[in-house]
Structure formats: structure tokens, C-alpha cells
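Given below, in the form of C-alpha cells, are the structures.
You will see subunit A twice below: alongside subunit B first, and alongside subunit C after that.
After this line comes the complex of A and B, so read on.
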């Protein structure tokens, strides 16, 4: 019975729990924390169950409010009239990432937010942000995608500016809100263009009707621009260091997944909605160039930062570049023999990198949060010798830094290696830039390690609480395990996601039949 | 037997990658290094001064030896001043500029997508 309603439950449970949280907060703080962690744990389990179903039986279509949840076309109708959730390999892949980071973010928040006021609002926004991300991943409808995009934007901005005792947080939240709103408005405009042309909002219907007219080209430009902005691609990345640096550390962990959901939206639009109707070479190269710029500018700007979270945030911008690069190559080769030769591998590398990135970058932000919690300092110039007292954090930082820099045997190496080798066949120069960016990435994390952890002990530090260590430990285990056995992850989770993007007609057929 | 060899092996496009074999190689390398160390000179005398910080010709306190983050990679960033000065100027922190960049990218993309 539950299996039949999984997509609706996965979105609905955190959403409703978000509104229940202030009420439970009235009873007891500890009860509220247990409730939030429990809800996100259940959501994670349900996502796992849905993943097994999708990987086993293919695309899961769920019709809201109909006489049957599987009936997309009631008799006499040529197109779905109800809200349709459509979950394929790519959607569920992203949902795994979102639900894991949301759960660990809540666990980490328990101790990290201890002593802060307004936690009922904090947890409400956290749950709503999670529901919004999962909604973006599961929806089969462009307008609902916009609605969930807005839900994530509002919740994310609320959380970025959650603590306004530091003026920078409010400023970062304002800047992010302005850009998110601008992007969302243009996204809505593009949805309106497609609705005006094709009388439909359902992605499958639109994909089956799209002609790639002049208006469709304008809509495509708006979609790509708005989603690349939310993903933090250079040169639209400038809100990222502001937001990531100022949000509480567990929220930064979830924001990383939130930007990745924007990437998911971008991939869904170009592969599923437009597919082969577009000039794949042109759009593919646009994505590749955004990726190369992100890799290079992100990492070089990181090198000169002295605020720990700001430095990692620029590193995060750089990692977005790897994801864009591989998928851009995949798109540029779509419909050509090169897709089978190296395009699919490039996409596998990038999609695998999305998963890896969420884990190691999340881990790095949590270690930065741990340093801020223990020392009260954000500036690397004021830190020294933390390895003496923060042994766990130091170890977790080494694992995260090794992974983001692509050092074997961590997970980042495996996905970057696939990207280097496959992209080399497309254009060797792109691979060289990617490798160079990786080397500089290692240099920036050596800078943090040298400044914060090495050297004489100069500061009094608070011990890291257990819940914070637990969240970092889980992410570290994932980073190491995915690095040791990358083939298991690629074969079972990544390949179905890539196939879902490439075989976009399956997505259409799941709704329209045939 | 082949399953055991393939365990943990990832197809990477041109070739394959197996982290378990990499760790095994690292272990062998460690044993070789340890063997050389073990066979080394055992009569070397150590004193406390060998471990004391030494900076610019004088032994100094540990606190003064820590290189601050803003000094790390100074030579690298100084050499690339031509890149870093305009890049830092470009990151103004002004939200109006953020929007300008967004509009510029949109305009370029519209031209590329619409014209080709």
C-alpha cells in the first residue's frame, strides 16, 4: 500500500512535518529535535524504497488526486489534467543525495544550534527546504517545478540569514533572494512561453510536442540561464560564497544539495524537455564553457580567500564546473556515434561527481562548522594548531580535502578520472584545464590544513559534540566507501541516472503510453 | 577468479581503476621504505635542538614560526597579479553587479542559441 504512494509521501511527510514543528517545539526542544531527525530518517528510508522500485521496475508515475494513482490519461483525455509526479533513475538519484544530506544536516544541527533561539523556525525551514528539493526532483510538470523552486528559494534565504547578529548574514540572504527571485521569474516566463505555444505544462507532453521554434529558443536560453544561476556557474557564481559562508554549517551542507537540484533541473530541461530538437553541439558547448569557467575561476579565487567557509565555497563553485563539463560533453555528442564512444562515460563521470561532491563538500563544510563552533573564529589567520585538540575534525578534514582534490583512493578521484579520460577524447585541452584545477584545489586545501590544523597550539578550543562528529563520520565513511568501490555505485545508481537522461522518450512514454 | 580480480574495478573510458590494488601497491611501497629505514644508520645522535624551529638564521619560539593563511602562496599570487587584480575587482560584492553578469550571460546565450 505504502509502495503505491511513495513519491507523494516523500514530498508530503517533510512538508507537513515542517508545519507541525513549531507546535512540537512548544512541548519540548529535545522532542522537536527527535521529531525532525525521525521525519528525515523516515523520508530517507522511503527514498531508499522508491530507489529500489525505480531501479527494479523502471519509471514510477504518480497521478495526484485521480481515481487511480497510475492513470495518467483518463478515458477521453489526450493529455494529463492532474498533477503528475514522474520518478526515473535521475530523479531518484538526486533524491538519494537530498535526503541523505538533509538527514545528516538535522543530526549535525542538534549540537551546532544548541543555545540559539528561534529553532522552531530553523527546523521548519529546513524541512520545507527538503520538501522543496524532493518536489523539484519528482515533479513531472514545469509549473510545479517552478513552485518547488520558489519553495526552496524562500526556505534557503530564510536559513542563510537565520542569524542576523552578524550583518553579513542578512546581506548574504538579501543578495541570494534578489538573484533567486530574478532567476525564478525568468524561469516562470519561459514556462509561460511554452504553455502559450503548446497548451501544456506536463514535461512529457511538452517534450512530445516541442518544435524548437524561435520562442522555444528564447525559453531555452531563459531556462539555462536561470538554472545555471541557481547552480552557481561562473560568472553568475558571486552569491555562492556570500551565502555558503554566512549560512549555519549544516544549512550550507543542504545548500550544496540545493544547488545540485538546480543542475538537475538544467539537465532535465536540455535532455528530457528539448532532447534532440536543440542544436546539441551549441548548447553542449555553452554548458562546457560555463563548466570550464567555473572550474578555473572558482579555484583560483579560492586560493586568495582567508575566511574558511568562503574559501571552501569558492572551491564548491569550481566543483560545479566538473559536473557541467561532463554533462556538456554528453549533450554535445547526443545523437552522434561519439555518445557511445565517450559521451556516456563523460556523463557518468559528472553524474557520479554530483553524488561525490555532495558528500565530500558537505563533509568539508561540516568540518569548517566544527572549527567555528570550537574556536568561534572564521578567519584562517587567527587559527593554528587545531590538530592538537580537534583530532576527529582534523581526520575528517583530511578525508574531505583528499576527496575534493581528487586524491586516490577517495571518491572524488574515481569520478574525476572518468571525466578526465572521457573528456580528453572530446577535447584534450578541456581535460588539461580540469586536471590543473584539481591540482590548485589540492593547494587551497593544503592552505586550510596548514593554517588551521598545523603549527603551535595558540587557542583554547571547545570539544566537538558527539552529534556533530557522528554526522561527519557518516559522510567520511561514504567518501571512503565510494572511493574504494566506485564500480558498485556507478553500475547501480549512476548508470540508471545517465540512461534516464539519454533515453528521454522513455520519460515521455511513461505518461503518454506506447 | 575473474570476479575476484574485477572486484572494485571501475571502467574509466580509456582504462580501468581499482582502489584496492592501489592500496595494495601503497602497502608494498611502505614495506620497502620501512625496510630501507630499518637497514639505515643506527648510531646517529639526536638532540633537542634538532626539533626546534629555525627561521631566518635564528632559533625562535614556536608561536612566531606559524605561517599565516594570508602569507601562504604569496609568491604565486604575486606572480599572477595580472590575473588576480582584475578578478578581485570584478568580485565587488554589489548585487547590482551580480545581476549585470547574469544579464550579460543571458544575452550571450540568447545570441548563441538563437543564431545557430
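After this line comes the complex of A and C, so read on.
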């Protein structure tokens, strides 16, 4: 019974729970925290169940509000008239990331947000943000995608500006919201263009009808621009450091996943919607160039920062570059023999990197949050000798920093190695740039480590609470485990996602039949 | 007999909005620019489904004539509601910025940089 309605439940439970949270807040604070963590735990379990179904029996199609949930073409219709949720390997892969991250964010928030007012709104927005992300991943309808995009934008900006006693928060939230809204409106315009041409909003129908006319090129440009903006790729990265630095640390963790959902949207549009109709070489190279720019500009800007979260945020921009790089290479080789030779490997590397990146970058932001929680300081120049008192945070920071720089036993190394190897066959220069960016990343994280953790003990610090240690511990375990056993992850989770992107005709066939 | 005039109007609204976003310093004017873009996009959606001389897509007591396409209207309605929410949120951030910085001049609201 429950298996038939999984996609709808996964979006619906956090959404409804989000609106129930303020009511439960009235009863008791602790009860609300338990409720939120419980809801996100249930969502995580359901996502796991759905993942098993999708990996076993292929694409899961769910028709909203129909007489039967599996019937996409009721009573002789040639096209679906209802909103269709379509979950394939890639969607469910992203859903696993989002739900894990949201769950850990809520656990971390328990102690981290202690003492703040307005926590009922905080948790409401957190749940709605989660629902929006899962909705973007599952929907099979362009307009629906836009609606969920706006839901995540509004919830995310509400959370970025959560600390209204700081002017900087309002500034960051204003800037982010203007850019998010602009991006979403461009997206909507592009959806309108496609609707005017092909008379459909369903991604599968659009994919089967698309011609790649001049108007489609304009729409593709708008899609790529809007989603790259939301993903924080250079040159649309201006909001990333501000938003990441000003949001509370558990929200930054979820924002990282949110930017990756925008990347998912980009891949879905380019691979599934346009597929082989576009000149894959050109678009592939555009994505590769966006990626290389992000990598390079991200690390160079990070070098000159001295606020801890801003520094990690610029590192985050540069990591987005790796994902774009590998998938861009995959796209450039789509439909040629080179795809089998190294294109698939490059995509596997990047998609695996999305997963790894969410984990280690989340871990780094959580350690930064724990430093700010314990000392109340954000500036690296004022921090010193934290390793004396914050042993756990120090250990977790070393794990996260090792992973982001691609040092062997951690997961960042596993995915970056796949990217280097396969991209080298495509164009050696790109691989060299990627390795250089990694080395600079290592340098900037050594800088944080040296100035924050080493040196004499100067500050009185609070001990990090248990819930925060727990969230960081889980992420560290994932980081180390994925680094030690990358093959298990790549074979079981990553390659279904890559196949879902490459075999886009399956996505169309699941809705249209045949 | 309005031909492609609505499309020209959409383009004009969107370009005006982007101009305001890029060159205006006042935060309120930036929000107005965003709203202009939104109006342009909404007008574009409505224009897609419009057919000259046809009636509104309401079946009760309708004349026996061609109807305009209802889907873009539903889309536009959703988009207007979302636009209201985003505008309210952005304006509330503008209010907060004014409280903390005592100005709505974007060139003076620059504590986050580099």
C-alpha cells in the first residue's frame, strides 16, 4: 500500500509537518525538536525505500490526483493531463543526499539554535526547504519544477536572513533573494517559450517533441543561466559567500544540498529534455568552461578571505566546478564512441563528487559553526589554539579538510581521481587545472587549520554539545567510509544515476509507453 | 487586431526591469525592477494562450465560441501568488536593512565584500 505512494508521501510529509510545527511549538520546545527530527527521519526512511524500489524495478512514475497512480495516459489521451512525478536513478540519488543532509541539519540545530528566539519559524522553513528540494528532484513537469524552485528560494532566503539582529544577514538575504527571483523568472520565461512551441509542460512529452529551433536555443540559454545561478557557478557566484557565511551553520549545510539540486535541474534539462538534439560539443564545452572558471575563481578568492565561513564558501564555489567539469565532458562526448571510453567515467566521477561534496562540505560548515558557537568569533585572526579544548571539532575538521583537498583516505580523493583520469583523456589541460585547484584548496585549509586550531590557547571556549558532535560524527563516518570503499558506492548508487542521465529515452518511455 | 504587440510589451517590461536591477541604487527601486520583470513574464504567459475574439474559458453559460487556452492562465495565477510572496519577503529584508544601516542606497550597504 505505502509503496505505491512513496514519491507523494516523501514530498507531502515534510511539507505538512512544516505547517504543523508552529502548533507543536506551542506545546513544548523539546517536543517540537523531536517532532522535526522524527519527521525528517521518516522522510529519510521512505527515500531509502523508494531508492530500493527504483534500483530494483526502474523508473517510478506517479500520477497526482488520477484514478490510478500508475496510469499516465488515462482513457485514450495522447498526453498526460495531470501532474506527473517521475523518479529515476538520478532523482533518487539526489533525494538521498537531500534527506540525509536535512536530517543531520535538524539534529545539529538542536543544540546550535538553543537560546535563539523564533525557532518555530526556523524549523517550519527548514522542513519546507526540504520539501521543496525533494519536489524539484521528483517532479516530471517543468512548471512544477519552477514552483518548487521558488519554494526553496523563499524558504532558503528566510533562513539566510534568520538572524535579524545582524545587518549583514539582511544584506545577504536581500542580495540572494534578488538573484534567486531573477533566476526563477528567467526559468519561467523559458518554460513559457517551450510551452508556446510544443504545447506541453511535461518533461517527457517535451523531450519527445523538441526540435532545437532558434527559440529552443534561447530557452536553453535561459535554463542554463538560471540554474547555474542557483547552483552558484562563476560568474553568478556573488551570492554564495554572503549567503553561506550569514546563514546559521545547519542551514548552510542544507544550502549546499540546495545548490546541488539546482545542478541536478541543469543536468535534467540538458540531458533529458534536450538530449541529443543539441550540439553536444558546444553545450558540453560551455559547461566545462563554467566549471573551470568556478574552480579557478573560487580558490583564488578563497585565498584572500579571513572570515572562516566565507573562506569555506569560496572553497565550495570551486568544488561546484568539479561537478560541472565532469558532466560537461560527459555531455561533450554524448553520442560518440568516446562516451564509452571515458565520458561515462567522467560523469561517474562528477556525480559521485556531488555526493561526496555534500558530505565533506557540510562537515566543514558544521565544524565552522561549532567554532563560532564555542567562541563567538568569525574572524580567523582572532582565533587560536582551539585544538586544546575542541578535540572533536579539530578531528572532524582534519577529516573534512583532507576530503575537500582530495587527500587519499577520504572520499574527495576517490571522486577527484576518477575525474582527473577521465578528463585527462578528453583534454589534459583541464585535468591539470583541476589538480592545481585542488592543491590551492589544500593550502587554504591548512591556513584555517594553522590559524584556528594550532598555537597558544588564548580563548575561553564552550565545549561542543552532544547533538552537534553526533551530526558531525555521522558525516565524518560517511566521508571516511566512502573514501575507503568507493567501488561499492559507485556501483550501487552512482552508476544507476549516470545511466538515468545518459539513457534519456527511458525517461520518455516511462510516461509515453513504448 | 493587436498582432505581436503584447510580445513587444513583454520585451519592453523585461528590459526595463533588467535596466532597473542593473543601474538603480535604491533597494526599493531594485524590487520594483524585479516586479517589472515578473509582470513581463506573466504577460508573456497570458499572451501565449490568448486568441483574438474568443471567450473566457468558463463553461457555465458560455457562448458557443472558441475559448482561450486556460492552462497559461492557471500558470500565471500561480506565478502571481509566488510573486507576491517573494516581493513581500524582499521588501521585509529592505526594511531590516534600513533599520541596521539607516539607508536604502545599495552602494552604502556593503559590509559583506571581497
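One rule holds in what follows: the second predicted complex is superposed on the first by the 514 of 514 C-alpha atoms of A that agree within 3 Å, B and C clash if a C-alpha of one lies under 4 Å from a C-alpha of the other, contacts with A are read in each partner's own complex, and residues count from 1 in each chain.
Keep in mind that, in the parts below, contacts are C-beta pairs under 8 Å (C-beta built on N, C-alpha and C of every residue); 3 or more make two chains touch, one makes a residue touch a chain.
Since the model is a prediction, treat every value here as computed from it, not as a measurement.
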| item | value |
| --- | --- |
| Overlay on subunit A: subunit C relative to subunit B, clash or fit | fit |
| If touched residues of subunit A are counted for subunit B and for subunit C, the larger one | B |
| Partner chain(s) touched by A:282 [first = subunit B, second = subunit C, both, neither] | first |
| Which superposed partner A:161 touches (first subunit B, second subunit C, both, neither) | second |
| Partner chain in contact with A:309 - subunit B first, subunit C second, else both or neither | neither |
| Which superposed partner A:225 touches (first subunit B, second subunit C, both, neither) | first |
| Contacts of A:196 with subunit B and subunit C, given as first, second, both or neither | second |
| Subunit B versus subunit C as contact partner of A:504, first or second or both or neither | neither |
| A:242 touches, of subunit B and subunit C: first, second, both or neither? | both |
| Contacts of A:147 with subunit B and subunit C, given as first, second, both or neither | second |
| Which superposed partner A:181 touches (first subunit B, second subunit C, both, neither) | second |
| Smallest separation in angstrom, by C-alpha atoms, between subunit B and subunit C in the superposition | 5 |
| Subunit B and subunit C contact sites that coincide on subunit A, given as residue numbers | 174-175, 178, 182, 242, 301, 304 |
| Residue ranges of subunit C in contact with subunit A within the complex | 14, 21, 27, 30-31, 34, 37-38, 41, 44-45, 48, 71-72, 75, 78-79, 82, 85-86, 89-90, 93-94, 96-97, 99-101, 109, 111-112, 114 |
| Sites on subunit B touched by subunit A in the complex | 8-15, 17, 19-20, 22-23, 62-63, 65-70, 72-73, 76-77, 80, 83-84, 87-88, 90-91, 93, 95, 97-99, 101-102, 104-106, 109-110, 112-114, 116 |
| Touching residues (chain side subunit A, partner subunit B) in the complex | 174-175, 178-179, 182-183, 186, 214, 217-218, 220-222, 224-225, 228-229, 235-236, 238-239, 242, 278-279, 282-283, 286, 297, 300-301, 303-304, 306, 342, 345-346, 349, 379-381, 383-385, 408-409, 413-414, 417-418, 421-422, 424-425, 443, 447-448, 450-451, 454-456, 458, 483-488, 490 |
| Subunit A residues within the subunit C interface of the complex | 143, 146-147, 150, 153-154, 157-158, 161, 164, 166-175, 177-178, 181-182, 185, 188-189, 192, 195-196, 201, 241-242, 245-246, 301, 304-305, 310 |
